[in-house]
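See the structures that follow.
Here chain A shows up in two complexes: once beside chain B, once beside chain C.
After this line comes the complex of A and B, so read on.
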């Protein structure tokens, strides 16, 4: 694998500098922190503000969803590392309009700790900040509270943003966001490690021709490592696990997302989607909507995940609400 | 490198089946050919119809730009292989509204031959079809007519579609499309080969840690193969070649596109953009607009290209015109 960067220690600053120049219609840097990206197209009416964050290296995840009627700010850490509390706090000061803010991030210990500290700093100034950590990776734990957040981040974030855009208060936004969180189930497969910018080396070793179902976004161990199989068999295995660990059953309406982890061609992602569609149709599970593409990556990791969202009328409507950001427009 | 597919001979059919299911709001298969994707949101008023095409393996290129006020159809060949004349002809029958059609493709011998034959078959039925082949790869020849088409396809296609959407006749659409073609200049760098689905192997050998500036979308030879350098130095070298082989000079207004070839992280693409921005600012060349992302890939090739478009008021307006397709919305 190869990367096209300068000093590996400068990747986040240089990326953010490039990003804010390209998308200057949508975003700006906070004047207080070069790790806080703020929407320039934020609603003028007071609303619950939506703040996303986490480590860099998942692009377009986090910063790509800051814009109109989606996230109001994103807080970006180093590669695969939570942002520190200070920028989390600064992001609140940048966007709060008196209705409170909601932090949204994947459920990783570092993010929980640092965003919690940011929320405490904001509370000291009388600003209420709630947090929802996304927990969609069904293999990471049998206990919901211990699950990691992976591609389902997008689903939970979008639900929260749409609820905020409807003018709901912070309690109601949190309640709807948690509903999306509990109804979103993901499982991925990796064929390679990402390349770490600082070392130029793989984060972990993986033989060519191997795969690991259940691997996390940062290379967290999955179910077992074995020889790569044809796409249809891989999808069948993923769906078996997903349906076993979710309440989704015949007659349910779902949103399906295929998320590419960075280096898996779109061609392969649509081939994977085709099989998901076949299997769910056989099982009488209804696909109301589908998304395919690189929504939350692990830089140049080869792999993908399948996310199933159990829809009801409320979630369907929130997920379909219009928004306009560099990486999500509808 | 690894791919997640079934039989390598079935990748195009399976991908198109998945694609048309996911994006059924935008596209359908032609009833006459499973290699012709037709817009379901085509303008109802008679217009010049825009038909894109070429080999598969460049996704989202070609099919991803079929939708509203962009392409009306796409004709898809096998991987890295032109479609045959029959589907080219069928696409015309599907979309013509009496104002004629424009075929748009990269300048490769197979595409020229097969689309020309499709146009002759249409002419036999009294339908006028013109063709513009994109020629933006400045290193591929010093002679404009012999240049290959790479990421600049997007620029030329968008210009044509916007001109058709304004209701211009076929002659005027062709004239504006050729103007975009002559004002678009690209040069890329590759760090690896793509993996061919049928063999599961690289199309050509490349040592890890090497790069080749000027390599084509299918691995056509570039300027020289040498050790990978830091991103800023690579961009400086690309811009030196690009500016030497284009008329762009101080005071000119440009559109800049960084196109990822498939497996280069967005992080790296924005780091590359940052340097392009710095260098053009130093040289007094104005960036009016910029695009960064995977617009025309070579499946899982690691690499990127820089495209500079010399703008005038007419091109700026056409490139900014609104459109709505799965992979290009504005």
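After this line comes the complex of A and C, so read on.
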């Protein structure tokens, strides 16, 4: 597929420059790092600060959620690659208000390594930083700790930010964030690969008319490659896997999110949502809140994922809390 | 005659590594596409382009081999990110731990430097041989060097070391990954080479080629002085 870029090595810097200019009401660059985006609308009272981060290429993921009562900073790495330790550390220095900070990112080896090193640097200066890595992709491993983070990032991040906005201390924010993490289940399908800016080539080969259920946010292989089927059948298959791999059952209340991976039309996403709504109603599973759109993308990948969140009163309230950022308002 | 390696040797080696990375970028990226997220070659090229850009500054502003390599490591750490940033960054940052203040090191000291670098990667990445990572080529290579008696056979030993690394990278083909992004592939990782193990081999191949060059230069120099 075509990309409208300049030198592939400059995409992250050029995107961030454009983003900070457009959304200058909400964010600014850190003076110390051009990979750290800091909120201009941070709460005046001290509270636990929420820092998101990860590789570029998932927009609006990470930077789009910096704003009022959501994230206080985002740290952006190279394409599909976690940021390095120094900007992670700088983000803490930018936002900490004495109550500590929480790093939030998808569960990938690189992110864990770099954010841990950033947290060590902050700890040397007496600032407490905790981390929660999101693990919602049910297909990626049967072992919870090994699961990767995909669209469910948004749910876990939102929960953490709402808990921080309520003035809870860092331990309580971490505990609620982990609770959201344990109750968020996602599975996606890809119809095409993303195009890497530097090489201009697809990350992986995929024939037109094929699909792969279970594919990851960076093109990590899924369950199997097969012929594309109508939306209803694809959604049925995804929901079968999701319900099999989650404790969600009849009578439960849920949040449903359809997440577009970058190049799937909204039309298709709403058609997918319609089928999820039908199936869950048949099964007696209640939808309390729903989201449809491109929340965590893989650049120009065609595909989508379904996320189900098992709600209780606490999670429902946190996920409904108001916030205002360039890409998430409620 | 004791074989020694000067700071210039390390500067030249870093140049060679940077050239190699540009040449092999798409190959390493392809290996990573098979079992990872397809950017290993690109990320190393982002890192080594920055190192190349700053190379003369890094060389001029450092007194000894240890601090030069540390700066190279810090540049990689800061520019690359992902898993390869901290891992290769740590490798170069810790390589010079035991040779602080030295502008020249012996081959024996060089062997110890490699072992220190590999130990730093093991510590940071918490990986062991058999996990389908860089360690599958680096650890057997470092062990081979430690057990060797290079006295007078330095070039030969270096060449054999490269062969051990190459074989170590090949050995990752049939493995199921226990670390990194291919961890979640399970049996589907079988038949694919680990891109980090391969880039580790290629990086030391560049060190070897730079050693060959300096060895040749030394021989010519010695030959001339005998005349």
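Everything that follows uses one rule, which is that the second predicted complex is superposed on the first by the 330 of 330 C-alpha atoms of A that agree within 3 Å, B and C clash if a C-alpha of one lies under 4 Å from a C-alpha of the other, contacts with A are read in each partner's own complex, and residues count from 1 in each chain.
In this text, a contact is a pair of C-beta atoms (placed from the backbone, for glycine too) under 8 Å apart; a residue touches a chain by one contact, two chains touch by 3 or more.
Because the structure is predicted, anything quoted here is derived from the model rather than measured.
By the document's definition of touching, of the two partners only chain B reaches A:11; chain C does not. When the two structures are aligned on the shared chain, A:85 is found in touch with chain C, with no touch to chain B. In the superposed model, A:266 lies in contact with chain B only, and not with chain C. Contacts of A:296 after superposition on the shared chain: neither chain B nor chain C is touched.
Legend: residue contacts after superposition of the two complexes on their common chain; A:199 is shown touching chain C, with no touch to chain B. In the superposed model, A:77 makes contact with chain C only, not with chain B.
Contacts of A:140 after superposition: chain C is touched, whereas chain B is not reached.
Once the two complexes are overlaid on the shared chain, A:51 sits clear of chain B and of chain C alike.
More chain A residues lie in contact with B than with the other chain of the pair chain B and chain C. Taken together, the chain B residues at the contact with chain A in this complex read 1-7, 11, 14-19, 21-22, 56-57, 59-60, 189, 191-192, 197, 208-209, 211, 228, 230-232, 234, 262-274, 277, 290-292, 294, 297, 299-300, 302-304, 329.
Against chain A, the residues of chain C that register as touching in their complex are 26, 29, 33, 36-39, 42-43, 45-46, 49, 77-87, 124-125, 179-181, 183-185, 188.
Against chain C, in their complex, chain A makes its touches with residues 9, 55, 77-86, 108-110, 113-114, 117, 140-141, 146-148, 196, 198-199, 203-204, 216, 218-221.
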